[in-house]
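The two complexes that follow have subunit A in common; it is paired with subunit B in the first and with subunit C in the second.
Moving on, here comes the complex of A and B:
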């Protein structure tokens, strides 16, 4: 049990670290976002199976996280169509 | 108008409004998170425009900050559900939840995205971002309010909002910093009571709506455009009055909610916070006046050939609203005779 929570914490922290560190591409940031979503999915599964026994919330969570990932990808496409690349160094017009 | 004849945008505006209602009326924290997610999913299509560089970049930055804030919110919610079974006050977890909500509404330690994103939006989207998007995080903040942490945040909000607006020439960034300043007032109102917060929020969004609509109509985005236009004297006068009212000068309507908050802060013996609020609202008033003062009083060109482009003639509405903003507090005494 403790090991699982330790793993979730490490996943969450590393996902946040990848999110905020300066990378070249936007796609890596979106992938780190999905990584954090995965760690939250794991922790939510653990919580729902131990305490509340309402596993349908996992389905709701998956639907919303997939919507968020699709929105991120569509923003990526829109950025590529306006800027021509997905480098963060070209995203500082404002 | 932007939204009224575009059925896509009407739909997303509808879901934007109802996601806030879902979030503030849900009885579990996961429901609150669902409302926040729907809010993000419906605000991004409103502000994004594939033909404009600034709009798409603003939507990207908005997406990144909001998604990381809501993910951190959800993680700390699950953590506190797991560790504590029900929500009694824990200092560490309450700071986690509160700071993710502060990041969602653009409050001070996490405010750096807010002026940047405002720079890439149109005035009506700025209005939505400054008013309606702040309702959900504040209501959620009132459920789980770490008093010591948020008192510090309030003072910081008021300070940063007043100091950050000094060197700005862009009106949208200036309004963003004014919104950060007013966020400090709103958090203190939330600390005292929710009704007080509602009064403050309603009157603030009324004043902000007048300003945003005026700037939208006149197509003004920077301070130097105030000099170039051959504006009529009445328009300049109404901009001046609304700015003074927004800054909280006593005979106008904007003073009324600030008066209430100062009154209740002093009743609760929070003298230091009220000192900071009053002191910084003076600085806010300085740079509100600096926008319009020189073009209003002594320094203005009159071009013979310049034709001002006014988008639509709703000046009767503007005059009516600025009449309320001018005399609202004076007439409100009639209710208590």
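Moving on, here comes the complex of A and C:
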């Protein structure tokens, strides 16, 4: 069971790394976010399987994550409609 | 609209007061009375606030003369300033001036003296700037700031007199004259009198104050304001007798007399010549007072007031006749065209010189004889006699330019002198300047002075006067082939004509070096170091460092997020390991 947690941890970390580092296409960022969501889904399933009568929480989480994915894709579509591409290299902290 | 002018009313009131003072002064002299009136304003436990008035024969006689001159001047200014829109304002200023002078004359304590003294300075400033142009403003500023020095001196006298318990100096002047505080007070009083009467360090305001209207000059700068200093010294006479400062005053006033006599010979402006002549006679008054003869100073004060006011009034009439022109090179031959005015001019000028039996003779000749009888060094003796010769010199020069040489203004002239308002006021003073010498010498002196002189010393006055007459005749030669030797001795001539460069002390010396220092401060500090440390320098520093800050902050978003993820990894890894 423990190596499941290790795998989840690795998935989560790599999803974060890709989210942080790949800033050329917005689609990559959104896909990394989905990957992170997937790892959290898996970890949530592993966790909730140990608690009786509470697997329904997973379904709630799934609904919310799908909404989030849909919102992200709609932002991508509107950005493509305004800018013509999905490059977003101009992010500065200031 | 009915223009109601205050001239007639004030003339009648002042003339009435003059008559009252005349009879009272004769009564007081004959019965040797002194009246001291006191009004106790408030009296707390041990403090009495008392307003006192000293009616002495000296003060009553002086008040009579002040009222006489001011009534003539107000009558004169009805016609002189007749086209002035705000004549009532002018008359009220003159009446304020007379009121301040009266307050100064009748006061036995130093507090009401300073009320009168400050009032004189302030009202004379208002009168000098009456024509509101740049020259009058500058002249007024010079006048009031010179007088202000004297005011400060009297304020300090008030402070020092608090040692004595009351401010009535009359009671202390002969009793406490050896006290150290009294010596300080005597120094300050002498300095105050020197500023008011325009003696040598402070003499630049009197020729400059001729920017005032001529009635103001006739009242203020001939008889009342400038003699206030002499009057103060007469009141404090017993205090000042043997101090060091009065000897200093003798030297300075003798030099004033001499310098003013020389300057008047180089001047071409009519009012400036008369102003310098006033300055010379003031020096005479101060110097005879500094020798100890205060009654002679008082006598000369009164007679001088008469003929000097008359001289100013004649000058004003001439200025009106010559179409507001004051230059004597443009006047001439006036004795033919305006006989009555030139009568007054001649008599007042000859009285000034000391021609026998006019008003000036009694005072001036007596002063010179007393000087010859007393114990002097040769410098002071020479200053007296040469200044008398110089008086004759500039007077004859003036009379030659005005009366004898040809009329120089324009080819067509209309000299309308039958302005009887001005002429009648001048005739009052003419009458007084004829008889006041003898009248006063019989009234004031209870016993005559003992004069015993060798023949040549007695004739010395006539010698210097004739010499002055000759020089005046020679100098006023305006033929086209006579050479003006001014430019041959240019440095000497400009030294003598610019009052020995002393006005530079009051004007240039007080302005230029301070302004130059201010410019240095401006260039070095305001536009220099202070900009480095606070203004532009700070701006530059903030700009530079904020740019560096900006560079530090200009990170990629990626790096920021990277650091976040890195920390998260480390944290979770630590939790996993534990």
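Note that in this section the second predicted complex is superposed on the first by the 85 of 94 C-alpha atoms of A that agree within 3 Å, B and C clash if a C-alpha of one lies under 4 Å from a C-alpha of the other, contacts with A are read in each partner's own complex, and residues count from 1 in each chain.
Following the convention adopted for this analysis, a residue touches a chain if its C-beta (ideal position, glycine included) is under 8 Å from a C-beta of that chain, and two chains touch if they have at least 3 such contacts.
Note that the structure is a prediction, hence the values are computed from the model and not measured.
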Query: Which of the two partners, first being subunit B and second being subunit C, lies in contact with A:19: first, second, both, or neither?
result: both
Message: A:45 in the overlay: touching subunit B, subunit C, both, or neither? Say first, second, both or neither.
response: neither
Field: Partner chain in contact with A:78 - subunit B first, subunit C second, else both or neither
entry: first
Statement: Interface residues of subunit A shared by subunit B and subunit C, listed 16, 19, 91, 93-94
Task: Enumerate the contact residues on subunit C facing subunit A in the complex.
output: 550, 553-558, 560-562, 564-565, 568-569, 572, 576
Of all residues in subunit A, those that touch subunit C in their complex: 5, 9, 13, 16-17, 19-21, 23, 91-94
- prompt: In the complex of these two chains, what residues of subunit B are touching subunit A?
  reply: 30, 34, 37, 40-41, 44, 48, 50-54, 56-61, 63-64, 67-68, 71-72, 74-75, 78-79, 81-82, 85, 116-117, 119-120
Statement: Listed in rising order, the residues of subunit A that touch subunit B in the complex are 12, 16, 19, 26, 29, 33, 36-37, 39-40, 43-44, 46-47, 50-51, 57, 60-61, 64, 67-68, 71-72, 75, 78-79, 81-83, 91, 93-94
